[in-house]
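Here subunit A shows up in two complexes: once beside subunit B, once beside subunit C.
Moving on to the complex of A and B:
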């Protein structure tokens, strides 16, 4: 009980200080919001293409619902700590965290969370307005669907974090590991449903990518909330998502422990 | 703390790094892309020492000697290549929470505080991470404030603090959890002389109040002479000397230094019978006299000449340490 009480206090204070840091740089928040509006461009294109009929089971209304939710979900599940982590390992900035009796990965995991409440109020009102005013835009808001949606969001955040961390920890062995994080990010952009719904990929490609971990970092919550994942498939899909999450969690810890053995703690 | 007579034990510690070499310039970068040349650096090469609880040890050596590497191994940042290390009964590289709660490593001019926020925020993070109860935190903060005059600094952003102010906050943040072992890597580097003196006083006071074991590296001999009775001298990863500073001075420099000011100029040749004249300015001279006869020769000078002032001092510690390194290098070269 005591241990849980202290864990709560540690998490709370780290969230508070990163919230305070986020508030220091107000312009940066607005710049990042503007930079993450790519889905709206894709939405415009697909809505135009689908005016004469559904494409891949998506009507114009479905595309609008999908990309508006995409904007929101991406803000919730995204974390960019991979680049920060490679820099911290390369420059010895990991040292102060390693000297403390609190696993450094907590710091990286919690860092991005406080910025989300700052961004979400920007995205949420337009989504509500569009949903209410634009015909054909529907979300599955049944209680069970919302429960599944939030569970998928949690899995998406964790899996994104574990995958990105496992890749970034290659910095223990490779001087410049940032490109690996960038390559991972590019694969994620392509195969997570950020650019297009996964069901629009060619069948042969879809057969593979629907089982890759990238799907569960964004597409799964989107498929649930826009009603494109049949309920009878939820159990198997969540099982696969959990399996990937557990796998990358384990991989992350193995790489972390091995990496510390060779960490040179640069910075005299 | 697990029962043990020694707070720190190091036995045949080795730490080697693999480093790749690249010639400078464009073609150096191109050839390095295809073919990399690696060498092994023996940063620490078979060192052993033991430190009792409450001791303040000066860890001396030139740049690249292995001092910081040793501190990083002792604090758990680095895995040793070989050898055994024990701090308060723990194996540092296992980084157990109970171990990390009892040590701290402070590196001069390195930031542990959050750059964009007031120092007080970093203190609150450390309070939570080290699980310091509220009343203990307030008490420790008050004591640290008493020693370092911290309160006015806690609400200023760290990036807006001067170097001296930031160093005080770094020290305080690192000591909120009242560690029993302090590793201080050049804590006064870059600070003005007044702040250096304050930091030294603080370290001495912390040791007095809490009985902490302190291992300190510094290039400023004033830090070492003010704080440390015992020094460990390391050079090229080997320990050259481990013992009392006074004994080292007597061992390496069998002379004392006489600084004399005369009331009127004296010829240099008149001073040479009294010892080695290392500095001469007519009415001022510096003579190195045999240690056992320094007082006698000073008395003779006072009798023979019109002396305005005479002082007898130990040779500068910097010279002694430099002499130790030179001797070690000569022995190493002759062995090759």
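Moving on to the complex of A and C:
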């Protein structure tokens, strides 16, 4: 019980520190967020294509709903600590973190969270406006759907963090690990539904990618909130998602412990 | 007491224009050699970026493939025609990363650190020195990938472009590059006055993503913005039209005219900025 209270206090402090940092950088964050226009470009393409009729169960309105929510969800579930982590390992910046009586991975995991409240207000108003003004844009806002949505968001954040960390920790052995993180990121944006709704992939491809972990880093919450995932499939989909999360959690810890053993403190 | 010049000092033109041009060309060759040597020192980063170029091109092609798995036409463009636009998008993205961005970031740094004076004091045109000094060869992969994709798509279309089309294409490619260079230069020149321009540049530049697809797919207002405000249209869509032999003379001429005008405007703006620059050192 004491240990839990101690952990809770430490987490609170880290979050407050990063929140202060985030407030300082709020203008920069605002601009970075606005600069991610790829979903909007894809939305334009799909809306144009679907003017003659729905594609794969998605009408033009569905596409708009999907991509607008996409922008918001991506902001909520994303961390970009992979690149920072490889740099930190290479430059020996991990040392001060290792000296603290607190697992360094908490530091990387929590730093992105305080920026989320700053990111949400940017996309929420446009989404509300678009939902009210554009015909055909619906979201599944039933209480049970919202509950599943938030659960999926939490899983997505954790899974993204564990996967990205596992890849980034290869920096313990490889001096130029940043390309690995970038390549992972590219796979992620393609197979997580950021670029294209997953159900629109050709069937043979879909059969594989719907079980890949990438789907649960973004597509799962999106499918739920846009109402494209039938409620019967929720149980098994969440089960697979949690299985992947637990798997990568374990993998991350194994790699971390192995990595620390070979970590010759650069810069010590 | 201010030192006032009684009459303008004429520019010292010692040699003929072609000798001066040769001098600049030789200087540019030195810049390239230096950049290449530096790049080869960090071979891992070089190879890493080549691999990223391949995966980057791959996922973008997959995206287009999925789009066209459901419909035959995007606007008036078939799949391989749209791939040409994508190829040119990747090509210019690589060009920006290879030639423009490293120099523009360096300019902002120089202004911030006060070392801009050293650039301005050199006996060569400051715009030339500041914008061509660094070449990031590691992005050569992106440039080649983009061009390769566009040419492959052309081959798949079984289109044999006429000589005039190829000529128009190359000219428009050059015009597109000039427009890109000039636009970015105008944005960076702002950093002579405002220190935190880099973020604004990222914001405005995110519009470039729209060049991924032929601009026909966008609603009228957006299309207008992409043609006259931030002319992405002339960078990816119009050269692709030329290669396919369906560019209108009006588009082609507008592109070339725009390139010349924007280049002039950007150069004059740069000149204005450097002349009125209150430098860091006295």
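Note that in this section the second predicted complex is superposed on the first by the 265 of 268 C-alpha atoms of A that agree within 3 Å, B and C clash if a C-alpha of one lies under 4 Å from a C-alpha of the other, contacts with A are read in each partner's own complex, and residues count from 1 in each chain.
Just so it is clear, a contact is a pair of C-beta atoms (placed from the backbone, for glycine too) under 8 Å apart; a residue touches a chain by one contact, two chains touch by 3 or more.
The model shown is predicted, which means the values in this text are computed figures rather than measured ones.
Engineer: In the superposed model built on subunit A, check whether subunit B and subunit C fit or clash.
Structural biologist: In the arrangement built by aligning on subunit A, the partners subunit C and subunit B fit side by side.
Engineer: Mind working out whether A:45 is in touch with subunit B, subunit C, both or neither, as first, second, both or neither?
Structural biologist: In the superposition, A:45 contacts subunit C only.
Engineer: Which holds for A:6: it touches subunit B only (first), subunit C only (second), both, or neither?
Structural biologist: A:6: touches subunit B, not subunit C.
Engineer: Using the touch definition from the top, say if A:200 reaches subunit B (first), subunit C (second), both or neither.
Structural biologist: Once the two structures are laid over each other on A, A:200 reaches subunit C alone.
Engineer: Which one hits more subunit A residues, subunit B or subunit C?
Structural biologist: The partner that reaches more residues of subunit A in the superposed model: C.
Engineer: Mind working out whether A:133 is in touch with subunit B, subunit C, both or neither, as first, second, both or neither?
Structural biologist: Neither partner.
Engineer: Identify the partner contact of A:37: answer first if only subunit B is touched, second if only subunit C is, both if each is, neither if none is.
Structural biologist: second
Engineer: Considering the aligned complexes, could you tell me the closest Cα pair distance between subunit B and subunit C in angstrom?
Structural biologist: 5
Engineer: Would you please give the residues of subunit A that touch subunit B in one complex and also touch subunit C in the other complex?
Structural biologist: Common interface on subunit A, subunit B vs subunit C: nothing in common.
Engineer: Please give the residue numbers of subunit C that touch subunit A in the complex, ascending.
Structural biologist: 44-45, 48-49, 51-52, 55-56, 59, 62-63, 66-67, 69-71, 74-75, 199-200, 202-203, 205-207, 209-210, 212-213, 217-219, 222
Engineer: Would you mind writing out the residues of subunit A in touch with subunit C in their complex?
Structural biologist: 27-28, 31-32, 34-38, 41-42, 44-46, 48-49, 52, 55-56, 175-176, 178-179, 182-183, 186-187, 189-190, 195-196, 200-202
Engineer: So in the complex, the part of subunit A that touches subunit B is made up of which residues?
Structural biologist: These residues of subunit A touch subunit B: 6, 9-10, 12-14, 17, 20-21, 24-25, 95-96, 98-102, 260-265, 267-268.
Engineer: Where on subunit B is subunit A touching in the complex?
Structural biologist: 17, 68, 72, 75-79, 93, 95, 97-98, 100-101, 103-105, 107, 110-112, 114, 116-117, 121-122, 124-131, 185
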